[in-house]
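Should a chain be cited, it is by its letter among A, B, C and D, assigned in written order, with residues numbered from 1 in that chain.
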């Protein structure tokens, strides 16, 4: 049964299983973990990473990367705060900020597709540029007085359950992303582009257009995250979400998405996001220091790439032993 | 196949060669282009602020670039092999603290530097072993070791810090001293840079780094000891990060558990601006060093011109994008111009050949 | 094994009962082979017979599961390609293995550059040695030019130069001529003869049987990974050899059906891409097979790429059934009914890390869709249908294509494009690296397609193939159409005259 | 229509307890107080928290410290507030990275009966019970100008090297510095620039270089941040400006000892962070014991001193200490 064997040891399944095991263990043994409030905190604080991980997974599958997401989020938050201070209505501000995210993503996409620049370099540049613009826009202000119904939506729970109100919209986005990546011709094209851009082009796939769409959507999602962030933490500052890109990248990598492109599943990526989030929550409750948590994250990342390899080698060895026997 | 015409003149490819020489020259000029951008920037600043290129000013420029140049040199080697080392910032930080901790106890400065380098070598080896033996993506592994080394550093260092007061006076003076405007540290960095560049160009193992970055599978088939070379590149990169740590200590006289945090992005930017390509196999350490010089100088130029520090980050980012875009556009233009002129020449020669 | 007709003393290199499996695939089963100094030994077999695997085992790339390798009668174990090289074995692999960023000279001498004092590389000597090699092969490639952008043929020449530079005792060549045209092949054979006379042993693989008969003294045949025979060439006929390879008699190699051409399907007018090709005009009608011949680098591939929209053209127009195509848009070309089987199957034809199923499915993303979502059932049956029709040899349809032999990969590329049901099919070197049996099949297939009304434009460096299959032959010379020759007048002489620019244009 | 700043009702359901303070209530023992600094491993906060630990041990209560490893990881700090809430500590002492971001979580904590004291860096007043301020912002701002003015003889150009542009406390101090400079006795002093070094050694270093290049006649620099003053001092001591350009601001004696001794710096000031932590701990225990509720005018005893709660629940530690060559050796933090 080599087929079911290889399927069983696929890394995304392993990450999913690890997440389940961690949750089950923590429910039983970690004080304060299982109650609804903590779970809502856990999910709420992980949501920004999860939101960006959705388009990031698609992007990485197609062989590109966007490191400017956290800056885009910060910029939308800053612009949101600025416009709010100017007295504009929040219902106008939010679409404007989303539009801004689209523009940010479009700039990345155009630089990558039109000029053929490597996305890593481009988005390191825009990582600084967008954050810098955010700083120019909002300066030293911290805007905190957003309308309470919005704040409550971003920070509140669904009744007395453990689910944050914002979880349902996220779930909808997740389903959309899964369907797009794994069940549409568009998603199939992304895998082809990631594995071999040239072969994809020869198969009539519009590589540049696909990439441009992806970067734009990533910008949109990043700005959505920025808005959510500002409301969730009731604070719009230019340095909101600083460093979030590394958390997203780490989580996506942990979920088994191959940075060479062409491989991975969204399920794995999201499992990676929540595994890291849950682990951090549990470790804090267990009084593990922040420094040790960093080490654990690092070790987990290293294992995430060594793990599948070792598993594959074991599988190969077993198959060989079986065919010899 | 009986359609043999052995006497027939081989398909002429003469224009190709002259064309590629030109391309070659242009590629060498890519480093020149960064240099030009750098010089223009300096001159403009000097016009705007006549104090900028004072002895002190030049010294500051050089000192600022030194540490980044060192780390970028090491990073280039790794990037040339189609890998990356994101853990350099963490390595720099822990090496700097180790050296400081040792000097704090009243140690010898030379031993401290050796200690920092050895620590760097150790972490470089770790990265190299994981990447080459595990054959796993370098980006992930070194992101992992970035966290691990930083975590170990914070656990070990805690809230301790080393300040200039804890260090031997001579060590700190060395960090800011030099021959008139040329700091000692810059001389060390220059020596390392030139030696590395010479090695890459003139030694077999240096060329093999390019080869295996260019096509890893072909490198294996050509009998290049791929793992050994990758291991060596990482070790060297780690060693330079360690040396940079010691220099950081001498220069700033001040290290704690956060030293070097986020440095990896700066280093990667410098390497990218310097024209070292992330898909491996091309680029030079001189380019990377120039990239480092350019990036650090922006941070000196803007304050010297009185640009509010609020603008610095945005300008930095936009400059980075401009630098890589201009580089790319120039390369594309030159390539298409060359192609057209080559085509014309071919046509001409063919016309001549036919008449002859 | 005994060899009654041993040409020389002791074999320089021998394989004894070598077996090698990849997972469930048994690529080699108890294969033995002896190579003697001063002989050119052919290795023949269908696609997937195990030829390349055998060579990689000899070269230290693969470790055999069982059996021994003997060098000068002594058992040796090669731990890597470096070991084999040090033992004096030079290898040209089936797929070029160049470093695109490095110069041709460096590609050839990587790891063995001439040295100066202190182990420094002598760049000047490297350059000179490369020039000398190029002269020996009769080509003029600039040693300082980077390998990126070399045509497949030029890449192959660099590979040959690299192998020659070893001055090895054993030279192994896996389909070195697949990408070459007649004149280069002739040069190569000249060099090989010299080497043989100097006492080197050469192992040679080719699917062009006439080449085997031209240059080789002995031939070993493999079938499905098993050793079939080793014998002298002398006294053998092509049919004998084919029978040993395929295990049966072969169909006709060029089963061209006569078809009455219909309406114009593809019309190319005054197409120009500056510096590459100029003023190309031609038409292909439904039911017609048009051959496009020319020397390596004449620009045939470039025309095909531009017509299909991979590259942009600078002037001119392309019409499919009267509909103008957009410049630089493969997707609209596909929608108009155009298909291109590209020249480089590994880089352009296939996504190597994807399954056979999905590779074939890639051209059907618009059709195997239900309500906007992939219809996996339809995708699988479409892929299976075509894989079976083309007799692709695979273990499971979900296996990645990089586990297939070269010829079977080529079949997957064909399957992928035939599955689109094209009106106009452009095939660029469709049978490169395909065994004779399959070649006949591909030809039969192309002929049937034409009979069904598909317009076929066939680019090939295999002149007999062009002559055997084409209704009309277009000949390109240095980026221009040099001649258009109807089937009746097309001979090797007329085509070569036009291709080398000797015909009155 | 739409919701704008002007028509949205600000959420004033402040969690300020309605309970009455009982000044005579006994201090409870066996409480747990969680310290949440802006950043763990930061020497300044480590000193402060050590002070808190000592006070709590003295009072018979338990001390614990959690916190993010980066001073800009606001979401990290929020999750630590949540962690402390889950662990049901009796009170927490928080140095807020952001005045607004912690609010939801802190209110959540207060509604779970946890007393919240902010120290060093405040949140919005309705998100905590009391704020322990290191020194009055006004005192700090004004005294730094006075210190520098004396050193440069009330004449010449000066600049400020601050931390992040968003640092709330820095900005308040700078505001008071500007106020102070309006006094006629400073008519010959000109504030030419405020630079931001983002509390990063290297950036502060380069900003100092820039200041000196841009203003060759610069006479003095005020850096109201421990990181900034240290970096500026290190640069000055290795440059030709050493001793010529005066530097003052907020620094710790251990950091600055060398520069004071080698003549780079004449004098600077700071409060004792350990005392700040001590007061934060005692305030937390007093709140948890019901001695105070955080209303203006309430008083309580911490150690031997009696503190009065000011407007908005602010408790001020006292005047900062000025360090110079004469007294610096008496301090070790």
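Just a few scattered comments:
Note that contacts are C-beta pairs under 8 Å (C-beta built on N, C-alpha and C of every residue); 3 or more make two chains touch, one makes a residue touch a chain.
Just so we're clear, the structure is a prediction, and the values are computed from it rather than from any experiment.
Chain pair with the larger contact count among B-D and A-B is A-B, by C-beta pairs in contact.
Put simply, the C-alpha centre of chain B and that of chain D have 40 angstrom between them.
Per-chain Cα centroids separate chain A from chain B by 30 Å. Distance between chain centres (mean CA atoms), chain C to chain D: 74 Å. Computed centre separation for the pair chain A/chain C is 44 angstrom, with centres defined by C-alpha atoms.
The set of chain A residues that touch two or more partner chains comprises 135, 139, 289-291, 294.
For chain D, the set of residues touching two or more other chains reads 40-41, 69-70, 165. Across the assembly, chain B contributes residues 154, 257, 310 that each touch 2 or more other chains.
Which chains touch which is summed up as A-B, A-C, A-D, B-C, B-D. By the touch criterion given at the top, residues 130, 134-137, 139-141, 143-152, 154-155, 257, 265, 268-269, 272, 277-279, 310-318, 320-321, 324-325, 328-329 of chain B touch chain A in their complex.
Put simply, chain A touches chain D in their complex at residues 31-33, 35, 37-38, 41, 45, 48, 84-85, 87-92, 135, 139-151, 155, 229, 232-235, 237-243, 280-281, 284-285, 287, 289-291, 294.
Contacts from chain B toward chain C in the complex involve residues 1-6, 8, 10-14, 16-17, 20-21, 24, 201-204, 207-208, 210-211, 213-215, 217-225, 280-282, 339-340, 342-343, 346, 350, 354. Against chain A, the residues of chain C that register as touching in their complex are 21, 23-24, 310, 330-331, 333-334, 340, 342, 347-354, 358, 361-363, 365-366, 369, 372-374, 416.
Residue ranges on chain D touching chain A, taken from their complex, read 1-6, 8-11, 40-41, 64, 66-70, 72-76, 78-80, 82-83, 85-88, 98-105, 108, 124, 164-168, 171.
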